[in-house]
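Here subunit A shows up in two complexes: once beside subunit B, once beside subunit C.
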Partner chain A sequence: MSVLEDIQQGIITYKPPLVKQACEQAVAQGMGPREIVQEGLIAGMAVVGAKFRRNEVFVPEVMIAARAMHAGLDVVKPLLAHSEIEPVGTVVLGTVKGDLHDIGKNLVAMMLEGAGFRVFDLGIDTPVERFIQAIQENKPQIVGMSSLITNTLPRVGETIEALQQAGLRNQVKVMVGGAPVSQSFADQVGADAYAADASSAVEKAKELLGLA
Partner chain B sequence: MIIAERINPTGRKKFAEALTAGRMDLVREEALRQVAAGAEILDVNVGVAGIDEPAVLCEAVQTVMAAVDVPLCLDSSNPKALAAALEVYEGKPLVNSVTAEDSSLEEILPLVARYHAAVVALPHDEHGISPEPAERVRLASRILEHAASLGVPAEDVVVDGLAMAVSADGTAGRITLETLRRLRDELGVATTLGASNVSFGLPDRPILNLTFMAMAVFNGLTAPIADPLLPGLRRLCRAADLFLERDEWAMRYLEDYRGFPPA
Partner chain C sequence: MKQARVRFLPGGQEVACPSGATVREAAALAGLEVEGPCAGQGTCGKCRVRLSDPAGEPTTAEREHLTAAELAHGYRLACQVAPHDGLVRVELGWRTYRPEGKVLLSCRSGEVAVDSGVRRRTVELPPPSLADQRPDDLRLAAQLGGGTMLPRELLGRLPGLLRGAGMRLAVVEDGRQVLELGPPPGDGLWGLAADLGTTSLVVGLFDLESGRSLGVAARGNPQARHGADVLSRIQQAGRPGGATELRRLVLEAVNELARELATAAGGVPERIFRAVLVGNTAMEQLFLEVDPTPLGEAPYVGALGGGFSGAAEEVGLAAHRRARVRVFPTVAGYVGGDTVAMLLAAGMRPGSRARLAVDVGTNGEMALAWAGGILTCSAAAGPAFEGANLRDGMRAEPGAVAAVRLTDGDLSLRVLGDVPVRGVCGSGIIDLLAVLRRAGAVDETGRLRSPGEVRLPAGLARRLMETEEGRALRLADGSVRDVCLTQADVRQVQLAKGAIQAGIDLLLREAGLAPSDLREVLLAGTFGNHLDRKSARDLGLLPQVPLGRIRFVGNAAFEGARLALLNHRMEEEADRLARSCRHLELSGHPGFEEAFLAGMAFPPLEAGR
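Let's turn to the complex of A and B:
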């Protein structure tokens, strides 16, 4: 089995130490960080994402797979700084103000990272100002907002409205998601995309950037 | 005592559409179904984006009051909606909910006091939900103190142990159970739990929910917020009470058995 297959296998079987070891081996063999990330880490995570979508694996398994991926990224990261690797896109995301739910939003962040995006996760209970600041600082192409309870749904529209007023709305695409969110709600508040789950969030993000 | 959770549009498209269209037929239907299934308190939540929540909550509450004769739990984060619903409600309702955030204490507790209602207390504050049971208990005490200062007695406060998904954090179950135990032992309060949260992200959720429910009752849970239509749930609660010596001669258990004989 090639070292890249070892990396994929380590992610698919949830073994962070194996992924770390295989990445170190790949680096020692002189393999470029781009190849290790694309053909090893991202490819492995894509398999897990697809299984998650088909209900063949579940949240704890995605969590540990993401941890395995990060164990590999930690090895490759120092090399990335000096290489030609560009993220496929940059995403700022957070759960809206007043809402403390983070699992779904974390899964979206993991899946996006797993697909090669650079992700700035603002966490939960995110005030509008934090979104604005993060957009100004990180220049993302996409902003993701999550709301998990009907009580905080209005914050989604308000946050989009605030981006408009801050003159940032035209610079970013807005994606929304969460249990009470629907396509019609997304249309209502003027979002660019709605994703029902973490895997489709990756597809939508790629579509928004013309990559899919 | 089960607080029945199904009058709630979250994640239920048809229910949300009915509310948006101003239709109360599904609210009425869920009220009847849940009471027939043994629900003892009905939670009423109409939180849908873009609706006039005060008006719709009032209409829902009146609809349910006309359909069934059990106490209601008025569920909204909108103080205006709660105030409106309290005004039309007849009897002593449960208000869901107050948190330990200053704004919540200041807006919700005076309403609870004014209408002599009981209230669900969520022990988190501006800093979010603590993973420390001791901190949750501290925040619960803070809410109890504020409530007492407005004349709301401790027996009218039901503290939520805050169930989180064990799929995302392996410590979540233990933390919630320890919180419940401490709320019972240190504060002596009634407790509740949105217990089905624990199973989020895992398959075969009913068995996880039932198992956790039994463990939670053992650790002090008195009034779970749950789906009474989940097979076995109501009977499990009766069985747990029986084993905990709260049901002399198994009277409540047997009453449940006769009311709902096995199929």
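Let's turn to the complex of A and C:
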């Protein structure tokens, strides 16, 4: 088995130490960070993501897989800094004001990172001003909002409205998600994309940037 | 367009359906309620009905929840489809047909020393004379003892009463407050205890002097038409007129039950001189029309920490107008008066015998009492145990699979009522998963295994199938639609179980205890009492303790209300309990995510349990 396959296997079988070890080995062999990330880590995560979408694996497994991937990224990161690799895109992500659920949003963040995005996670209970400030500071292409309770769904529309008023709406694509969110809700509040789960979120994000 | 008429089956009720009205709305006009946890938003897919003449194109929501075959057979969602003209027959089936039935419940009651503080006596007053010119109020006070408080209205009646009734007066008092003077309207003093549940209301009538139960009655909470869970009610309360309407619904239902019980006991509700009501924080606030909106958003703060105490007249309760109505104190936004009542009924107090009490519901409430005090927490489990987000999930109603065993290599199902299998209810789903786990058909991560992967008993293997939506297990055949457990259903149960398990786990950790330290695990609530203890424990929903330590405590919330009604010291104890509980907030808890992820897995199988 090649070292890249080892990396993938480590992710698919949820073994962070194996991934770390295989990544170190790959670096020692002189493999470029881009190859390790793309062909090893991201490829492995894609397999897990597809299984997740089919319900074959579930949240805990995806979490461990994502952690395994991050264990690998940590090994490669120092090299990445010196290389020409640019993130696929930048995403600002947060749970809306009034809602404290974050597990789904965290999963989305990890999967996006796994697919090569740079993610600024604003955490939970995020007021509109924080979204605006983060957009101004980090210039993301995409803003993601998560709401898990129906009662805070209006906050999604209000935040989009506020982006409009701040003159930022045209600079970013808005992606929304969370259990009570649906495509029709997304259309209603004028979001650009909706995804039902974390791996679809990655796909939608790529679509928004014209990468898929 | 002609107006359509709709006839509902199996009941045969017929109504004219206003143009554009949905079947769900037509049903409401006919006095029927179609089950629909999402209150007609088209998101739950539970309001499936069959039409003789399916009108118009299915909506997006209908396409999402119904297969092409089902649509072709006339199945539609009641909240989406609007009959256009002619007579349309609508089969509600057992699944959606919920007559507003009233269930009489026997009350499982423990011993309590009856001392409600409400009493009556007859006083004999010496007639006024030139030699004894004491004013009427002091004349009465001298007989009743010092400090007695007389309401204005009774004071107004006093001169007439004293002179008309030959100086003999019947007095009803609650503590020092005089509630009634003159001949009481009957000879017993009655009290009312009620559990205001999100799903159902339970009301009991008691004799305040003997403590005897005069009847207990229950019915669905009519607020359910505005959504099954508390959050949708909170949302409804925020709409114009919403809070008033929600209060009216619950109040009228409680009053109706009170009147029925009083009539059955041979009297009138005016003989009710005390009432104690408990509910979750939102239900209590809705009952009193105290705006519950803040409960819907972080930081989830309620308004009734101390509960409420006031006259029935002010509350609008069908009772003697001056009867004192007590609404229980709450611990937190999602640990309400019903939990306090459960603690009271279970006798939870700090002590060396560590005890855990759990009410498993859409919102799971749990409390741990040990030497260090009492800790509470609430974990939002979601409606999986009520069947709302499972493909063929349903409440424990006719047609529901309520228990499952493995016999001769195949599933044997216990179905409620004498009807074909329509779905699975909470206790059934727990049993089913436990059976599948033991047989190896579900692995530790919750994945349904394929027959090729593991040797399964033949009957079980035959039930497994691959569908467009993933792997599934067939429970019963239907002509158009089989009743199944899908992989996605297992995932929903894992989320619900994960949340409850994480709550229990974090409580134990906070107290520095291990599951084996628990001397007793008490299960309260409707779901808890129908659960198979072994199945629940083997799935990890309950802590890993010997089965003998797991005990059902019935409707503990109602029982707590009864205790406080019959003994005023119990009412004071409830206040003390509410204030002494320490609440562990799980939102933002640093250990939650780990515990939740761990809680979603199923424990490894152990031989010989």
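The rule is simple: the second predicted complex is superposed on the first by the 212 of 212 C-alpha atoms of A that agree within 3 Å, B and C clash if a C-alpha of one lies under 4 Å from a C-alpha of the other, contacts with A are read in each partner's own complex, and residues count from 1 in each chain.
We adopt the following convention: contacts are C-beta pairs under 8 Å (C-beta built on N, C-alpha and C of every residue); 3 or more make two chains touch, one makes a residue touch a chain.
Predicted model only: the values in this text are computed from it and were never measured.
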item: Joint occupancy of subunit A by subunit B and subunit C, clash or fit; value: clash
item: Touched partner set for A:A162, first subunit B, second subunit C, both or neither; value: neither
item: Touching partner for A:Q188 - first (subunit B), second (subunit C), both, neither; value: first
item: Partner chain(s) touched by A:V47 [first = subunit B, second = subunit C, both, neither]; value: neither
item: Subunit B versus subunit C as contact partner of A:V27, first or second or both or neither; value: neither
item: Subunit B versus subunit C as contact partner of A:V88, first or second or both or neither; value: neither
item: First (subunit B), second (subunit C), both or neither touched by A:N106; value: both
item: Which of subunit B and subunit C A:P60 touches, first, second, both or neither; value: both
item: Superposed model, subunit C segment overlapping subunit B, candidates 182-190, 380-388, 452-460 or 560-568; value: 380-388
item: Footprint overlap on subunit A, comparing subunit B with subunit C; value: 55, 58-60, 63, 98, 100, 102-103, 106, 124-125, 149-152, 180, 182
item: For the subunit B and subunit A complex, residues of the former touching the latter; value: 9-11, 13, 16, 45, 47-50, 76-78, 124, 128-129, 165, 167-168, 170, 200-203
item: In the complex, subunit A residues that touch subunit B; value: 55, 58-60, 63, 98, 100, 102-103, 106, 124-125, 149-154, 157, 179-180, 182, 185, 188
item: Subunit A-touching residues of subunit C, taken from the complex the two chains share; value: 43, 60, 231-232, 234-235, 296-298, 445-447, 470, 487-488, 491, 494-495, 587-588, 593, 596-598, 600-601
item: Residue ranges of subunit A in contact with subunit C within the complex; value: 54-61, 63, 97-103, 106, 124-125, 149-152, 180, 182, 184
